[in-house]
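Chain lettering (A, B, C and D) follows the sequence in which the chains are written, and residue indices restart at 1 in each chain.
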């Protein structure tokens, strides 16, 4: 059975430490925009931790929510791309083919989650920062859209390795850069088609919800609602 | 004084041979605007789209607004001249060519704008479905691919629709010009001799084109509206967008036509041909479209407000009360509150009255497209990732240069093609006066036409 | 051109200044890069995937490959292959990793310390080694950066694809040349014949 | 100008433009022969240790072959070498168990930072001008050892000073031994947030002068007074791992977190219940809770009997801490206090924690002892314990003492290592003046920052990934940990590790110093320190020392198999009576408490030069590249300050300006600023950006330990300009969910 990569984000475990954000930058050659470009709204974070305030002092509440590309099954960004740069792979990923993208930016407008980022300029790394660039990941140039790929380079490397050793991919054998670095194990990545995998088990939990699920995008990222103290122990 | 056929020909051919000082200045201004735009595009190509004000989440702003604006302007041309030809409205004769010229040039500009606003314009040829050895085709499900086919069809359609009625006029110019000009117009006239068979075939061709161009025009702007309606973005994803955009297109198109005719009348001294009756009728048409536009806008905003879904309401309040409120209410004033009284009261519906109304409508309709695109993109579903947008000088220059290009094309057109179709005026003259057709003098073009 | 009267001259000036303004727009200095440390003890320079010049951009777009690349050392595949050396002897790691390593001066000198040391080309290699420099080989097979192709040798070798399939028969060549045009069509045809995935993400990610 | 020349000029500029387009590619650099055998495209994983904060997490470095511009025997060229591409946590390491925090991930940029000093430099301009000139290693070392030699020969060996951030493990040992045998006073350990008060309190309450370790995975109820244990306090990664388990690690059993602080920290944002308490009154609140537990006998017999008596009135049941009295002093309602007391004692294993701002008051020690007493009352399954140490723990010394030592009797020669007091010390320490009086300063820093700019000579250190690293984890692990790792990559620049330079100087000085430090290189010293661990039961049991030494390097260190040591007996001393916190600045003209909090992006400011961290959106405000002051929205309305306006914050010591962020998570009578920005000279990414809150702190200190009371400053704020001057860069567009019409945007 083909893989179907998915992720579970346990909002009860997420502390908002943003280790995932920096890990993603390190793994996927995401350039820093610098102050003036960030001020003009061009900072790129393939995964971001959204924060919503509720209520006022003295009892304000905060909700953290890591948001990344949901790799939707019915992705609104796929039909609108005129050159098939954004399309759905057989393994359930919403792939962004950088060399095929001509930069109409329609996909980013159609995406309800705002998780697609555009290279307005050619990215720049002050030497020798470019020595940190990961050779397994393409360095995108100007005029191309980019987004979270579920660390596709790690998926491919693991698949090639498993194929070389003539064996099936085991759950937890590899994971995405953000899930690997998340101290409180809030991000769990794996193959949704593998019923024994932890992500499949958690994805079917009754705490599971889908971000903007009502739009019918069928995201492959499931958010587990934050628990409350009362119901867990006394409910 | 009753104008004779010779008088018509003499008046309408004069602009082709003598250009006044004011003409040259207009050309200079238009060219410098266009070149400024070319320079701005050169700089954008060199540095990247970052020179614009776009950011995430507002990935479209001026670029798509200008695109929809210019495609909108183009619709009046075909729709008016096609419908007037089909209904055989007698007052159509001086109006049709001005309208068709507006159509062709604004579709041309509308087609160029997307090429300039995509991230890697040198790969735009991937939109063309050529059989490539990479076994990859354009994505036919994408509204942008539909745009590509729709606009290219519409461009060819409206160019033919413009070219057909000018063939007899090219022949007329051919006969009165000498040297190089004669050679050019001989080619353009496609060997037109004015034989009855040619007239009959021209008439049938124009009739077919008039019938065909109307659905193409309506389909083009519906497809342009589907660039927005096919997404899930709040205040974009609604079924009203198709008719809303077509109505808006005709509305802004007629306004542009009235403006163009008023300017031509003044500069090319065509007072006898572009008479107040034309402005009267077009003014009434503009009035109906203004009311229709108000109806569509009100319906769209009311349904959004009544439904009260949080994402839609965020965009709704943004344009009604918050950052975009000034632009929104200027739009309503420009599109409804100024034009309707001017056009409704007969005394005010003069040439200058309709020109003023249509000037405000053109501005209002540009704002309307801007207010559809930007507030919705700024306030999509997740409030954390909302954005704000400010245009930069590059975008302003490109927009100004699109107007410069339109003006330049129109000025050059009026230098090479009589703005008002000579043979149609003559046909109108004869049928109007009830006098049977006068056989042409030897070697002269037989200028009679069908009854 | 007749002496232009007053206002036509004005028109000409307007036109020319618009062109000049356009040219200035193009020559406009690249977006001011961040204030890089001017002091002598920090690392200068900026890395960017942008092409160094417009000419390089056009060359990359049209993807011209030199017909006969000139190598610093007149190496002959023909002679070495005739001696029975396998490809992996010099191109180490091609069956484990994505890239086939282009042999450095240490690999050459491991044999040529004793074999045929009198030949001028071998002396050149020895000179390189003496200076502690690597041989500046000219790359023959590479994809343009903007194609974002992640070609991986190992799975192809494991699948039994012979080196000559893509690199043409080197037993007849001295320095390697691109006899087979490795364009996308070539890869797609082979993949479809062998019923292997031609999904975009197989090669482009 | 004639028309003709005008045309010529514009044509010329056109031609120039096209020519500019095709100048020849960068001149071809020569390629050097690689110094290591690497297969291109295949990653090798090497262990290392994160040295960015005191937690000491274990790293795995993904090294792949790449081409770097290097200088080899005086010539610029390219070389294929192993390059560190990504840092991951070391799954076997007991502190971080394969995980990393944001700052740990970003520390990779320390290796490749463009402003790293690439070779030794000597000051040529006046001190502090930042004008340096290259000098070779030999001349530099000759100069330093000459200075050391003359100093020792002239009998004033005791006027050599060494200022460094606290270093656990052999590096600290090396510096201490070098100075002792040289005849100089012990090194000054300086860091802006030194938690000396908590170590002193733990020494008094539990007999361990160390930061505590929490087994949160087995906790059911956590009450935390001010410590940002999920963000930057103590050992954040270990604590975050525990937090994840405590929430959803045990089906059907979910722990509760109560956070008590006046400004909502990142930890407070995750709390089930966030209670605002008046600053400095946390101790009184804890004792209020203890009062009810003792009065209603909710705790088992004899609990809290050891640290309790340290508080005056404990034996009598804390008479002065009735809930109503406590409510008046702390602002926390009596009903809540009663409920907390009951919940604490009835829900399985509970733990009380304190750290950070509550200890940064003049009565910090009292607050710590009070919470420690509450902790011993409620912690039945010793969630709080102490990590067993390898070798003796670092002495408890407040950082300010190190600085006062410098300004009291200025030394003849100062060695600086990874400490930036000019930036992070309060104005009262007058560090700049102290440094001005020191004739000769040598810095081992890799970057020019405010302090190393004052140095006369800079001997740039290797980056952490280029040198031998070792660390003894003070807290966060259930077992004793001695992390160790060889260099993960070869050096990029002409730098040398500080440890080897010191050993070299020791050899050149000869005499006592050479005898005490016989090793040629630092790894020999490490080997000598690590090999004795072979006999202790732990993660490596091999027969020979060599095998042990190799296994320790491949595993990334050694960790014991013994578990944590529970809290010991309290020290007998006179009970401490309640003391209310003093604040600098009269309440009338300085109406707001001022809290400079340790920022999630820059720690104590030492990481402000990393672009990844400058662009990391602060999780609560989403601000990037800027510094801001958090103000309660009602206070903002009252003072006419809108979101993003420029605000001037003035204390008795000075003023700073920053952008205003209206956030509901702060008390109306408090304003808070993150520490880290406001560097005037710290690489291209951090220089001249934002404002430094530490520069306006009052000189108040905690009475007993002398540690800086950095939360005891009062300020006044006023609007000073609009958003254009403030230049606040926010990544987020909206602050809250779908706003009602009048929500501030």
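Everything that follows uses one rule, which is that a contact is a pair of C-beta atoms (placed from the backbone, for glycine too) under 8 Å apart; a residue touches a chain by one contact, two chains touch by 3 or more.
Please read these numbers as outputs of a predicted model, since none were measured by experiment.
The most central chain, judged by the distance from its Cα centroid to the centroid of all protein Cα atoms shown, is A.
The geometric centre of subunit A is 33 Å away from that of subunit C, both derived from CA atoms. Inter-chain spacing, taken between the CA centroids of subunit B and subunit D, is 64 Å. The centroid of the Cα atoms in subunit A and the matching centroid in subunit D are 30 Å apart.
Centres computed as Cα averages put subunit C at a distance of 45 Å from subunit D. Multi-chain contact residues of subunit A, defined as those touching 2 or more other chains: 34, 48, 50-52, 84, 87, 100, 121-122, 126-130, 142. Residue positions of subunit D with contacts to 2 or more other chains are 41, 114, 622, 684, 732, 736-737.
The set of subunit B residues that touch two or more partner chains comprises 47, 50, 383-385, 387-388.
Taken as a contact graph, with one node per protein chain and an edge wherever two chains touch, the assembly is complete, since every chain touches every other chain. Listing the residues of subunit D that touch subunit A in their complex gives 41, 64, 66, 68-69, 83-89, 96, 98-106, 108-109, 111-114, 220, 230-231, 236-237, 240-241, 243-244, 247-248, 252-254, 256, 264, 266-267, 269-270, 272-274, 276, 347, 492, 600, 611-617, 619-620, 622, 624-626, 632-634, 663-668, 684, 689, 727, 729, 731-732, 735-737. On the side of subunit B, the complex with subunit A involves touching residues 47-50, 52-60, 114, 118-121, 123-124, 126-127, 136-139, 141-145, 148, 227, 230-233, 377, 380-385, 387-388.
Within the complex formed with subunit B, the residues of subunit A that make contact are 37, 40-42, 44, 48, 50-52, 65, 67, 76, 79-84, 87, 100-106, 108-110, 112-114, 116-122, 142-145, 212, 215, 217.
Interface residues of subunit C facing subunit B in the complex, by the touch rule stated above, are 7-8, 10-11, 14-15, 17-19, 21-26, 28, 30-31, 61, 183-185, 188, 198. Against subunit A, in their complex, subunit C makes its touches with residues 31, 33-34, 36, 43-50, 145-150, 152, 154-155, 158, 197, 199-201, 204-205.
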